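These are the structures, in C-alpha cells.
You will see two complexes here that share chain A, one where it goes with chain B and one where it goes with chain C.
So, the complex of A and B:
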C-alpha cells in the first residue's frame, strides 16, 4: 500500500504542472465566456428597453431571463470542457509512453523497484481517475463562482436563479460528465474505469510485442467492446427487440464488465511480469 | 506530508465537490411542488387504483416527469436506477404485468393498448411485420392462462392492413377476444384527410380460429384535430360495438374581419363535429350508421348498450349527456359548474372504462380545474369527483408559473 501511494504521488507530481496549466486554460476561457455573455445580455436588455420602449415584464415575455443554464449552451463553456476531455484521453497514453520515450528510459527504474509491478499499473490508473474526477469536481466549484458573478452583474428582475444542482442535472451536456444520480455516477465512471483498464492492457500488448503488439492491442480492445455490446446485439439480431428486462441486462452487463476488468488486470500482470521489455 | 500535498489537495477537492453535489442532488425534489388527489364527493375507494402520469417544467431547461396516485407524487428522479433505465414512461399496467408474469411478457411491446386481462387470462395482440415492406403481415394473439401458465398463440395470416395501422384496443372475455385495429387506407396530402377503417378481428378460444374481420369504414377524417373512439356495450360479454370519428372543430367567428381570435375566444368557439357513428353487431357483423339528431354532444366517453355518453363543456360548466340511440333523445345526467374557468376540449384525457365506471381526467392548463370525474354508465350518475391539488403555489424560484401537465390516466389492479 505504501509503495502504491508513493507511486501514485509520484504520478500526480509528474503531471501536476501540465494538469494545472490545463485547468488554468479551461477555467479562464470559461470565465471570459461567462463575462462575455453577461455583458452581451446586458447590452441587449439596454437596447430593447432603451427610453422606456419595454418594461422588464414585457422584455421577459419575449426573451429568457439570464442564468447559469444560458452559459451551459455556449461554445465558450463547452469547448474548454472538450479540451479537458481530450487532454485526459491523451494522458491515458502519455502516462505510459513517456516512461519509454523520454530521454532517459525511466521505465527501467520503475520496473526495477522492489515492489509488485502491478502497483505501477494501479498508480497510473488511480492518477488518471483522480485527475478526471478532480477536474469535474473543480468544474462544479467554478459553477458556484459563475453563479455568483451572474448575481453580481445581472439585475434580479432579469435573472433566472436556478440552483446549480438543478441547472446541472437538467443540462444534457453537463449531465454527461456529472450524472444526476449517485447510482448513475458509479455506472458511468465505472464504465470509464473499465475502458481505461482495457486501453492500458492494449498499451502493454504493444509494449510487449512491438509492431505485432499493436495488432494484439487493437484486437483486445475491439474484443472487449464486442463482448460488452454482445447482450444488446444478440437480442436485437435474434428477437428484433429487447428480450431481457432492464435489471437482467444490468446484471449481465455488470458481470461482463467485471469479467473484462479481471481478465485485463490478469493479462496486464502477466505482460508486466513476463513480457514487457525496455 | 508536504511531499504528498498535491495528492491530498486533489483528493480533498474531488471528495468535497462531489459529496456536496450529490447531497444537494438527493434533496432536489424537496423544492418541487407535489400533488395529491382530494376527494370532493363520492366514494374515495374508486381512486385507489388510479395512476396519473404527468410532467412539470418551469422554463426551457427543467423537465421532470412524475406519477400521481392516491398516496401522492413520485418524481422520476426519486425512483431506482433500474426503474429509470427500464422505460420509465411505459404504462403502469404493463409494468405490473411484467412484474407478475415475467416470462410471458418477455420481449413484448410495452403499449398497454395491446393487452387485455380477464380473471384467468392475459391476452396480447401484436403485428408481425413483413421483411420486405412496412405493412403488418400477420396479426398475432398470445394468451396466457394465469392458473396453469399455459401459453397459446394464434395468427391471422393476411390481415390486409396498411403501413399505418395501430392496435387500438384488445377486449378479452371468457370465450374469446376482439382486436380493434385502426387502419389508414389513404392520405390526401393536399386536403390533409385520411381514409380510415377499423378492422375488428375476433378469435374464439374453444374453436381456436379467427372469424372473418369486420371492417368498419369511417370515411375521410382530418389528419389533425381528429378524435376516434371505440366502445363496447359490456366488456365482459361484448355484443355490440360503437366506433365514432370526428374532430374538435372551431365555429367561424361572426366578425371575421376582427383578425385572429384570442385564446379564450378560440376555446369558446370549439365544438365537437362527429362525422361518423357506427354500430357494429358483433354476432352478425352488421354495421349500421347512427345519425345523431342533436348538436348536444361533446367528447364521447362511453356506451352502455342503449345510450352513448358524452361530456360537454360550455359557459355553464361541464355536462354529461346520454343520447338514446333508439328514441334519439338526449338527457343530461350531471352538470358541474366550472366557476368561470376556461376549459378546452383538448384538456380532457382519453376516457378510461373500468367495468361500468367511466373515468375522465380534466387537465385544464389554466386555473385550478384539474380533476377526476367518475360516472356509472348504467346508473347514469356521478359517483366520484376529486380535485388534483398542489401542496403549494405552483411557481419556480423566480416566481414564474410552472407548467404542469397530467398527461395520462390508468386504472391498475
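So, the complex of A and C:
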C-alpha cells in the first residue's frame, strides 16, 4: 500500500506541469468565452433598447434572457472541454508509453522496483482517475464563478437565474461529465474506469507481444465491448424490444462490467509478471 | 549464486539464446563476452525478469525471481534508468523511497568518488557521467549481486579508468558481479570467470587465471581460438 501511494504520488508529480498547463488553457478559454458572450449580449441589449425603442419586457418577449445555459452551448465553452477529454484520453496511452519510448528507459526502473508490479498499474490508473475527477471538480468551481460573473455584469431584468444544478441537468454535454444523481455518477465513472482498465490491458498486450500484440490488444478491447453490449444486442435481435426491465438490465450489465474489470486485472497481472518486456 | 539453466529465447523466428547455462557465484566477477547482438543483454534482462524466456530456468540463491529479488540483485543497464528531468538528489530520494537495501552512506561515498554533485540534473550530464550515476544507483544498494551491461560502452578513457577502479575497491568486495562487454581489455585482469558467447550459445566458459597459469593464455587468446574454430 505504501509503495502504491509513493508510485501514485510520483505519477501525479510527473504529469502535474502538463496537467496544470492543460487546465490553464481550458479555463482561460472558457473564461474569455464567458466574457465575450456577456459583452456581446449586453451590446445587443443596448442596440435593441437604444433610445427607448424597446422596453426590457418587449426585449425579453422576443429574446432569451442571459444565463449559464447561454454559455454552455458556445464553442468557447465546449471546445476546451473537448480539449480536456482528448488530453486525458491521450494521457491513458502516454502514461505507459513514455516509460518505454522516452530517451531514458525508466521502465527498467519501474519493473525492477521491489514491489508488486500491479502497484505500477494501480498507480497509473488512480492517477488518471484523480486527474479526471479533479478536472470535473474544478469545472464545477468555475461554473460557480461563471454564474457570479453573469450576476455581476448582466442586469437582473435580463438575467436567467437558473441554478447551476438545473443548468447542468439540461445540458447533455455537462450532464454526462457531471451526472445529477449519485447512481448516474457511479455508472458513468464506473464505465470510464472499466474502459481505462481495458485499454491498459490492451497496451500491456502490445508491450508483451509487440506487433502481434497490437492485434491481441485490439481483439481484447473489441471483445470487451461486444460482451458489454451483448445483453442489449441479444434482446433487440431476439425480441426487437427491451425484454428485461431496467433494473434487471442494470444488474446484468453491472455484473458484466465487474467481470470485464476482474478479467482485465488478472490478465494485466499475468502480462506484467510474465510477458511484458523492456 | 545465480544459476542460468538451459535458457532459450527467440525474437520472432530469430533464436537469440539457444541453450545458455552458467553459474555466477558471490565474490566472483563473471564476464559475458561476445560481439554485439549475441544475446548478452538479453541474458541480463532475463535474469532480472525484464525479458521473458521461452525455456529453461533462472535461479537466484536457489529460488525463482520474486519482487524481493530486486533488493538482492542490482542491475545497471547500459543507459540511465532515471528520468532526465530528475536531479541526482531526486534519484537518491526515489531509491531511498522504494529500496530498503539503499545505502545512503555508500551512495554519498560514490558521489564523491565519481566527483558528481547532488544538484546535477541527469539530462545535463555527459554520457560518462550518466553511466557513473547509473553505476552509483546500482552499487549503492546493499545487493548480493550486481549485473552490469556494457559499463564502458561509449565513454571517455578517464571515466573508464574511474569505473575500473570500482572493481578493485571495497564497493564490490564479496558481491557477485555479472558484467557484459565486447571489449575486455580494460577489465581482463579483474575477471574471475569468462563466458564466451556467440550466436546464442556459450562457446566456452572458463576461469582465466587457471588458463593463464596452466596454458599461459590470456582471455583474448582463448577468444581468438574459440571464434576461429
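Everything that follows uses one rule, which is that the second predicted complex is superposed on the first by the 278 of 278 C-alpha atoms of A that agree within 3 Å, B and C clash if a C-alpha of one lies under 4 Å from a C-alpha of the other, contacts with A are read in each partner's own complex, and residues count from 1 in each chain.
One rule holds in what follows: contacts are C-beta pairs under 8 Å (C-beta built on N, C-alpha and C of every residue); 3 or more make two chains touch, one makes a residue touch a chain.
If you're wondering where the values come from, they're calculated on a predicted model, not measured in any experiment.
A.B. asks: So, A:168: does it touch chain B (first), chain C (second), both, or neither?
C.D. replies: In the superposed model, A:168 contacts chain B only, not chain C.
A.B. asks: Once the shared chain is lined up, is A:58 touching chain B (first), chain C (second), both, or neither of them?
C.D. replies: A:58 contacts neither chain B nor chain C.
A.B. asks: For A:187, decide between first (touching chain B), second (touching chain C), both and neither.
C.D. replies: In the superposition, A:187 contacts chain B only.
A.B. asks: If we overlay the two complexes on their shared chain A, which of chain B and chain C does A:176 touch? Say first, second, both or neither.
C.D. replies: The answer is neither, since A:176 touches no partner chain.
A.B. asks: After lining up the shared chain so the two structures overlap, which partner does A:277 touch, if you call chain B first and chain C second: first, second, both or neither?
C.D. replies: A:277 sits against chain C, while chain B stays out of touch.
A.B. asks: For A:105, is the partner it touches chain B (first), chain C (second), both, or none of the two (neither)?
C.D. replies: A:105 contacts chain C only, not chain B.
A.B. asks: Counting touched residues of chain A, say whether chain B or chain C comes out ahead.
C.D. replies: Answer, by number of touched residues of chain A: B.
A.B. asks: Of the partners chain B and chain C, which touch A:28 in the superposed model: first, second, both, neither?
C.D. replies: Touch partners of A:28: none, neither chain B nor chain C.
A.B. asks: Does chain B (first) or chain C (second) touch A:138, or do both, or does neither?
C.D. replies: A:138 contacts chain B only, not chain C.
A.B. asks: Under the touch definition given earlier, write down the residues of chain C that touch chain A in their complex.
C.D. replies: Of all residues in chain C, those touching chain A are 45, 48-52, 67-71, 75, 77, 79-84, 94, 97-100, 122-123.
A.B. asks: Using the touch definition up top, name the residues of chain B that touch chain A in the complex.
C.D. replies: Spelled out, the residues of chain B in touch with chain A are 3-4, 6-7, 10-11, 13-18, 20-22, 24-26, 28, 31, 59-63, 77, 80-82, 84-87, 98, 102, 106-107, 396-398.
A.B. asks: Quick check: in the complex, which residue numbers of chain A touch chain B?
C.D. replies: 5, 8-9, 12-13, 16, 64-65, 69, 130-131, 133-134, 136-138, 140-141, 159-171, 178, 180-185, 187, 239, 241-247, 250
A.B. asks: Can you list the chain A residues touching chain C in their complex?
C.D. replies: 3, 6, 10, 14, 102-106, 108-109, 111-117, 208, 274-278
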